[in-house]
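Note sheet for the following structure.
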Amino acid sequence: MDFLVPGLRHFLVLGSILFSLGMYGVLSRRNAIGILLSIELMLNGVNLLFVAFARYLTTQQELAGQMFAIFIITQAAAEAAVGLAIIIAIYRQRRTVQVDQLDLMKG
Amino acid sequence: MLGTTDPFQTFVATLTFWIGAVASIAAAYLMVVSIKNMIRAALALTTVLGGVATMYALLGADFLAAAQLVVYVGAIMVLIIFAIFMTPGQIDVPGLVGSRQRLGAMLVSLGVGVISIWVVIREPWKERTTLLDLPTAESIGGLMLTRYVLPFEIASILLTVALIGAIVIAREE
Amino acid sequence: MQTSLPLPNVTPEDLLLGLTLLAPVLVVIATAIVVLVIDLIITDWLSRRPLMWISALGLLGALGACALLWTGGYVGKTAFGGFLALDAFALFFQALFIVAAILVILSATTFANREEVIEAEFYVMVMLSTSGLMLMASGNELMSIYLALEVTSLSLAFLAAWNKRDAIAGQGLKSTEAAIKFFLLSAMSTSVLLYGMALLYGITGATTLADISRVLTGAPSPAALLSVTMLIAGLGFKIAAAPFQLWTPDVYQGAATPATAFFSVGSKAAGFAVILRIFNGALPSISPEWAVLFGVLAFITMTVGNLIAIVQTNIKRLMAYSSITHVGYMLIGLATTKGEGSSAVMFYLLAYTFTNLAAFIIITIMADYAPDDDIAGYTGLAQRSPLLALGLTVALLSLAGIPPFVGFFAKLYLFLAAIQAGSVGLQVLVIWALIMSAVSLYYYGRVIHAMWMRESLEPAPVRAASFSQGLALAASLVGVVLFGIAGRPFLDAAVSASTIFGR
Amino acid sequence: MIALSPDLGRVILQLVLWLPLVGALVVALIGNGRSATLTGEAPLVTSRAWRWATGFAAITFILAAWLFLGFDTSHASNYQFETRLSWLPFGSDYRIGVDGLSMPLVALNALLSLSAIAGSWRITTRQSTYFSLFLILESAVFGVFTASDLFLFFLFWELELIPMFLIIGIWGGARREYAAFKFILYTVAGSAFMLVGIFLIAYFGPRPLTFGIPEIAQFNFSQYGTGIASLGGLAFILLFIGFAVKVPVFPFHTWLPDAHVEAPTAGSVMLAGVLLKMGGYGLLRLCVTLLPQAAHDWQWLLIILAVVNSIYGALVALAQTDLKKMIANSSISHMGYVILGIAALTQVGFHGALLVMLAHGLYSGLLFSMVGLVYDRTHTREVSAMSGLAARMPFIATVFMLAGLASLGLPGLAGFVAEFTTFIGAYGVFPLATILCVCTIAITAGYILWRLGAVLFGPLSPEWATLGDAIWRERIAVGMLAAATLLIGVVPSVVADMSAGGVAPIANAVAQGGQR
Amino acid sequence: MVQTAATILLLPLLAFVLIVFVTRKNQPLSAWLSIIAMGLSALQAIFLVLPFVMSGGTDHYEWQWLRLLPNGVTQGAPEGFLRLGIGVDALAAIMLVVVTSVSFLVQVYSRSYMIEHGHRDPGYSRFFAYLSLFTFSMLVVVLANNLLFLFIGWELVGLCSYLLIGFWFDRTARRGVHLLPPWVAAKKAFLTTRVGDVGFLIGLIVLWNRGGTLQLDELFAQVEHQTGSLFQASLLGQPVIFWACLCLFAGAVGKSGQFPLHVWLPDAMEGPTPVSALIHAATMVAAGVYLVARTYPLFEASHGALTVVAVIGGFTAIFAATMGLASNDIKRVLAYSTVSQLGYMMLALGAGSLAAGMFHLFTHAFFKALLFLAAGSVIHAVGTNDIGEMGGLRKFMPRTYFTMAIGGLSLAGFPFFSGFWSKDDVLVATANGGGPLLLAFALITVFLTAFYTFRMFFLTFHGQFRGPVEAAIDTHGHPAEIDAETHSAGLHESDFWMTGPLIILAIPAVVIGFWGSPFGNHGFQRLLEGNAFVETSVNLPLAAVSSVLAIAGIGTAWLVYGTRAYVSEPLLRFGALYRIVNRRYYIDEFYMWLIDKVVIGAGYALAIFDRQVLDRIVNGIAAAFAVGGRALRTSQTGRVQNYGLVLFGGMAVIAVVVVLVPLVRP
């Protein structure tokens, strides 16, 4: 039962799964906010990778992974703010936030 | 290998991991695949975020776990839920795109998932022999102002940009 | 159990050095804040006109700071524990970004005047974006690069959203659509980039590029290859390399023209700066692999860009596809993996920046005369305004690589570098690129054709909206002509800048 | 023939090269100088732009003539009046000079440009743009002929495209836009290959990296192997494609009839008279000089294309009823002789090829000018629409016939001198191919006399009974070309003394290349 | 002496240049300029050059014309220069005399001929300019001691022929079957000879490459020593010299109207009659013969070539004579006779006698010029060429009648006229070196010549005037004045300027033959061949046979045409045979078919190929790019998630390939 004991690869796999699920969400959700949510999911998957690496790896710079994760969270917040602002602006103009309806420009 | 040799601690940690992992994956799956309602999707994401925070805790990143809960769940998710409420009529619309796009999305994400999982499992990571185990908050604070002062400063610019940008874009004319 | 990690010993001198090296960035940011504050104080928008000049002066100051750093012996110094590198490479790009920003700000007057809304944010955002671009160029560490990149992305998303003319004119809501497209795709690409960085960190345990390259030797592991792929995907989005380029036409079309101009030069150049630095600085041991990848991407990119450009009728979309094509050419330079290739790409970016800005400034001017930026609106421009027609012709010819303009020289340096790499694949790629250049002459020629070979429908002459716009246009056109014929100092600069990669 | 100190010559050469460009700027700035609303009968007034442009072209011509006369024919194989400035990194310098190969072509360009510009006084729309473009074109062509650096050569080569593109596209005939695009895309596609060839040559050439033609000419590329699949063979064919489009060589010629037919008269003159020569010049100067071994390896292709070109062009010309189309196709045929002379890879063959280029430059320019003069009056180029024009326009008919006779190789005119030299040079190497090419002169005589006769002779139809002959400006413009055609035909030594020396190093290189 | 020759050469050129650039507007002055220049040339030729060569002198001068190799280079070409040169020897001197004197007389004649009803032709000056240019060119041919220079002159005379045949370029075709407008006839003449000239040019190219020079004396020196690849190398079993001579002969065939390139000469009669006399009878057409004579040592060096010359000449002689039977155009009859007589000359040369060929050329030049000028006088008076519409002119034009009779007798070979002696020489030469078949051809031709000449003569001058009054229009289309008394158009003798040359020419037509006759001690032949001349005994039987045949021919003509009114053509009773001959054996039709359907057809086919196939391929390539663009454009759907899919998908594909497939490092 040793393989059940969580090690580095467990976290990595979990992070990757979250990342791919997020990717699926990004590609399949129609609602722009839903896409934003999915992106957060992807970022969390990546964060998990960073933190897991920070714990398990041989390195001169301990905690670099955690620092990275912190900055990613920061960026996620900023991104969410700008993203939501754009979504709200779109909603004001078009009364929709479904991205597949936003195809004025193509070709 | 969890940095402890105590069987009970190991058991608890293992159990926590699996519960957290399964919950996260399940919530994430539900969020991206089956939940139509945006509020519920947001709540599902919150669940995932909680699960990830648990993982952080398991990985000894206590500060990060806290930050995850405070910043993500406390701030970002609230922001998102506000946004959802500010777009009435868009909460319950059919959640997913057309079937061809969905099929493509499935294939692509499956492909990326498989290849990345395959890679992370096969890769001979240079794992350390003894795990670092310390309260991170203090170190992080110190590092933030020493070694990582440049990213820290850039992050401040980033937040400034986000601030101005969000205000100007979202402002009613 | 340790209680805490030993913190690195950071002396005030270190910090001071770091701030010195950051001086150009700091000047830019300071100017942005000053402009923002002035804007908040002034309520009457008419008197905001000096804001443009303040911004331009501030940016000029930053340029001066660059020059001081250059002459002051700071070149090659690093600070913040190696996170920040102020080498010739960084200075080259910083100066380029500042000049581009100045030109964009000077040329944006029409646009800003017509908005009759807050204009300061535009300048502020351009400057903040510029600071992000500059940090991208000098960042020597993954976190800094990533965050700087995000600064740029968010401010560009803002700039894309900025065009409110469409909404006012009731023509549609292109700018917000452009913004959301750019924003979402940018976020997607960022997450991919981050995954790649995470893997890189996992393999090497380091985030500074120097450390990474030190650890990463020998044949790459699967994770390293996956990491490279994801970095290429993430950064390929920034530079609009196929198949990550699809956002470009829509965003170019939807955004306000000055913003598009900034998009087309700033984000692209910074993307290349980052690619050059990461791949040459951190991943030289994987260069055989990524060289092939860049070569393949180059082929796809220039082909796709060129072919779709043939059938465009909107000049901004045309320019978007043209920019994709040029990325394809530049990727050939990356695929050489040689110093010559890098310097050629840098010079190409210089050429491309000036040329594209010249074109976009004229497109900005023409926005009043050509409805929806349709090429048909340029019909007979040579009679309505010979100088503008000449300027656009020069710019387009430079883009097409016709002498004696800078685009010709840039292309030749680039292709020469590729030939010098001595690989048959690259030589074939160069032939294809040259054929593609010939094809590109068709769609650039169509604009020239409309301007010169057709009678104008409207006799009214076309003028630049303001002095500053004319100044910006003149400056960029002078660059287009001079950098080609007398481009040697700049090429030398690029060559010396690329020596930091040690190959 | 007259003493010219090297320093003065250097200055004059630079003036010749850049004065037209300065002129272009001036003409662009001074504007049209008269309203473009003249209608009805051909206006007899000239525009300010015309006067200034003609002045600049004339001064350039005088300077070029001075240079031509001051050229030391006893050292024609060396670059003279050379200027060299350090210019670009990696071995590309600003190097301008003339030798016996380029000097006649420089003079040709000066003459034809003057004639074309002076003959364009009827242009009524956007004169200043028109004349500026012609002057830019003149400078660019000078550059091609005088650059002794591959990079500089290529720069001027490309520079010439845009003026011609605009000239065809703005002042051309009904399908001008199609023709203009075809012209430029075809040429640029060809030069794409050429550029790769140049790069290969430079890259595998001497170290340190240099683009200087004399330096590379010293380099032995056969050390990388011989045969068409070797480096030299590859570079040769890449360069050849670029030049073949320009010459043009079958099957890359299809742009030419369109471009010639649609271009305005002066554009056709420059196109046929000078621009095609750039292709032949490039073949001599680059392909053969730099890659003599590869020239041997590709000789079979050259000779096949030469024969195909001359026969194909002549037969197609036979079927044309539009005068310009006929002359355009006859150009294809005559450029086949150029290829024939080059393919022989002998001193006399090269010499002949160069002379054919010069002669064809003169008489094809003249032919197009004459078609233009006729067209100005009748507004048609269709042979069947015209008849008996000689009765109304004896001068035009005379000069037209003179040009046609030169084209069909009548002794006493430039064409014969050139063709004969080519044929005797090529026969020793390729007897059968030469004989086939000689046979085309009968076909040439056929279509020239047939079509020209139909236009000029026969009863005058009443429709054309009021047309006038050429006026003095036109007479001078075409008279210069006619005089030059006659002069070279009677006293070929005016050019042959220098051109014989000019091609000698090439023949030398080939002779050595063959032994390598 | 070469200076004198150069003066003779340049005087006409000077006249040409002066007329073109100075006196063009002054018609009489132009004419006088030309005539005086010509007269001076003729005088010098006769009184300076001829005595010089008769005393055995030769002279020459060469100059470097076209540099092939730069100074100091010796490799790469047989010689560093292409040289040109003139030389004076007996052969040249004889031709010089012929050309200058006939040219002078023709110009004098033209002075009036080109005046119609008191109006000078609008192209009067041009006409004299052309004549001067022609004379200059012809003199180049004559004086050249170098094949290249000879070729230059050769082509220039072709040009002048073109210009002069098409002199009345604005005229349409005369009434009649298969008659061409002058400019078309001129074109036909030029192009037909051009075909031969291609051969000539190839010959030059071969000689230069194999013999290393085009200088005649140097080539002859090679003949003497049989050195060089001209003789050593061979092609298809023959030495190169044989092929080179054949090529040269091709030029001669074209220029001298020999079969199969004879078709242009009858049509060349569309030009003014003085032109026909000068160019298409006396001088230019003889240039082919002269060329063979000039290069005779080369021909001699390859016997095969001489045989070809003889066969072609003999066949042409009889072939053209038959065509002369069936023509009703006074000038065409003469033209056929010219072709036929040129065939004689070729036959003589081919049979091995240079002197006989040149002698016949010499006498022929005078009597044929006379005949043409006389015919011109008739045409000038009657306004038509059709002998069917003439008749009875003897009464109105006595001087013309008389001189033409002399010319006719000379042509027919009536005993003791000039033509008799030279024709006899030809027959002797044929008998000696040509074989029985060619001799038979030659003898039959004697009869035919006499017959058609006097058929033409009787129809023109005897019987009643048959021309309809309203048809009697002059060459400019003005109706002629009607003479009520004679019911014929204003027929009258030509003026002194025209009849004078006739009379002058009649003298040599009678007597010049004695120079080469046994009575003249074969002076002509001795002059030409020098010491090589071998006195042959007079072949009396042959002379008798040919005299009988000539007289029989004249007599038959008298019986058929002189004794009864000409209502319909008596020869029509030969039916199909007559028609075939009348239509010139359908050779013109065959050539037209060849050119129209084969050559021009190929041109059209290639032109269609060019536009419809090649050009379409090119445009198709261009279109393919646009099609590709349109196809790829559909990827740009405008939906952000499609873009995302491509982004991630592209990445996934790359990732899978890169990670799983060892691309670079196997």
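Each chain gets a letter, A, B, C, D and E, in the order it is written, and its residues are counted from 1.
Criterion: contacts are C-beta pairs under 8 Å (C-beta built on N, C-alpha and C of every residue); 3 or more make two chains touch, one makes a residue touch a chain.
This structure is a prediction, so every number in the text was calculated from the model and none was measured.
Novice: If we look at chain D and chain E, which chains touch each of them?
Specialist: Both-contact set = C.
Novice: Which interface, named by its two chains, has the most contact pairs?
Specialist: Counting C-beta pairs in contact for each chain pair, the top pair is A-B.
Novice: Farthest chain from chain A, comparing Cα centres?
Specialist: Using the mean of the C-alpha atoms as each chain's centre, the farthest one from chain A is E.
Novice: Using the mean of all protein Cα atoms as the middle point, what chain has its own Cα mean nearest that point?
Specialist: D
Novice: Which chain has its C-alpha centroid at the greatest distance from the C-alpha centroid of chain D?
Specialist: For chain D, the chain whose C-alpha mean is farthest off is B.
Novice: For chain A and chain B, let me know how many angstrom lie between their CA-based centres, rounded off.
Specialist: 6
Novice: Please work out the Cα centroid separation of chain B and chain E, and write it as a whole number of Å.
Specialist: About 103 Å, centre to centre.
Novice: How big is the gap, in whole Å, between where the Cα atoms of chain A centre and where those of chain C centre?
Specialist: Here chain A and chain C have centroids separated by 26 Å.
Novice: Chain A to chain E: how many Å between their CA centres?
Specialist: 96
Novice: Would you pick out the residues of chain D that each touch at least 2 other chains?
Specialist: Residues 185.
Novice: Give the residues of chain B touching no fewer than two other chains, as numbers and ranges.
Specialist: 97, 101, 104-105, 108-109, 112, 115-116, 118-120, 125-126, 132, 139, 143, 147-148, 151, 155, 158, 161-162, 165, 169
Novice: By residue number and range, which residues of chain C touch two or more other chains?
Specialist: Each of 5, 143, 147, 150, 154, 157-158, 161, 179-181, 184, 188, 195, 199, 202, 205, 222, 226, 249-250, 439, 442 in chain C touches at least two other chains.
Novice: If each protein chain is taken as a node and each touching pair as an edge, is the resulting graph a line, ring, star, complete or other?
Specialist: Per interface graph, the chains form some other shape.
Novice: Could you list each pair of chains that touch, in label order?
Specialist: A-B, A-C, A-E, B-C, B-E, C-D, C-E, D-E
Novice: Once bound in the complex, which stretches of chain C touch chain A?
Specialist: Those residues of chain C that touch chain A are 5, 142-143, 146-147, 150, 154, 157-158, 161, 167, 172-174, 176-181, 183-184, 187-188, 190-191, 194-195, 197-199, 201-202, 205-207, 211, 249-250, 253-254, 317.
Novice: Name, in rising order, each residue of chain C that touches chain B in their complex.
Specialist: Contact set of chain C toward chain B: 1-5, 7-8, 10, 15, 18, 29, 36, 80-81, 83-84, 117-118, 121, 124-125, 128-129, 131-132, 135, 139, 141, 143-144, 147-148, 150-151, 154-155, 157-158, 161-162, 164, 179, 195, 199, 202-203, 205, 221-223, 226.
Novice: Show which residues of chain B lie in contact with chain C when the two form their complex.
Specialist: 115-116, 118-120, 122-126, 132-135, 138-139, 142-143, 146-151, 154-155, 157-158, 160-162, 164-165, 168-169, 173
Novice: Along chain E, where are the residues that touch chain D in the complex?
Specialist: 64-71, 73, 75-77, 82, 148, 151-152, 155-156, 159, 162, 166, 169-172, 181, 183-184, 186-187, 190-191, 194-195, 197-198, 201-202, 204-206, 208-209, 595, 599-600, 602-604, 606-607, 610, 614-615, 618, 622
Novice: List the residues on chain A that touch chain B in their complex, please.
Specialist: 4-14, 16-25, 27-31, 33-34, 36-38, 40-41, 44, 47-49, 51-59, 61-63, 66-67, 69-71, 73-82, 84-89, 91-92, 95-98, 100
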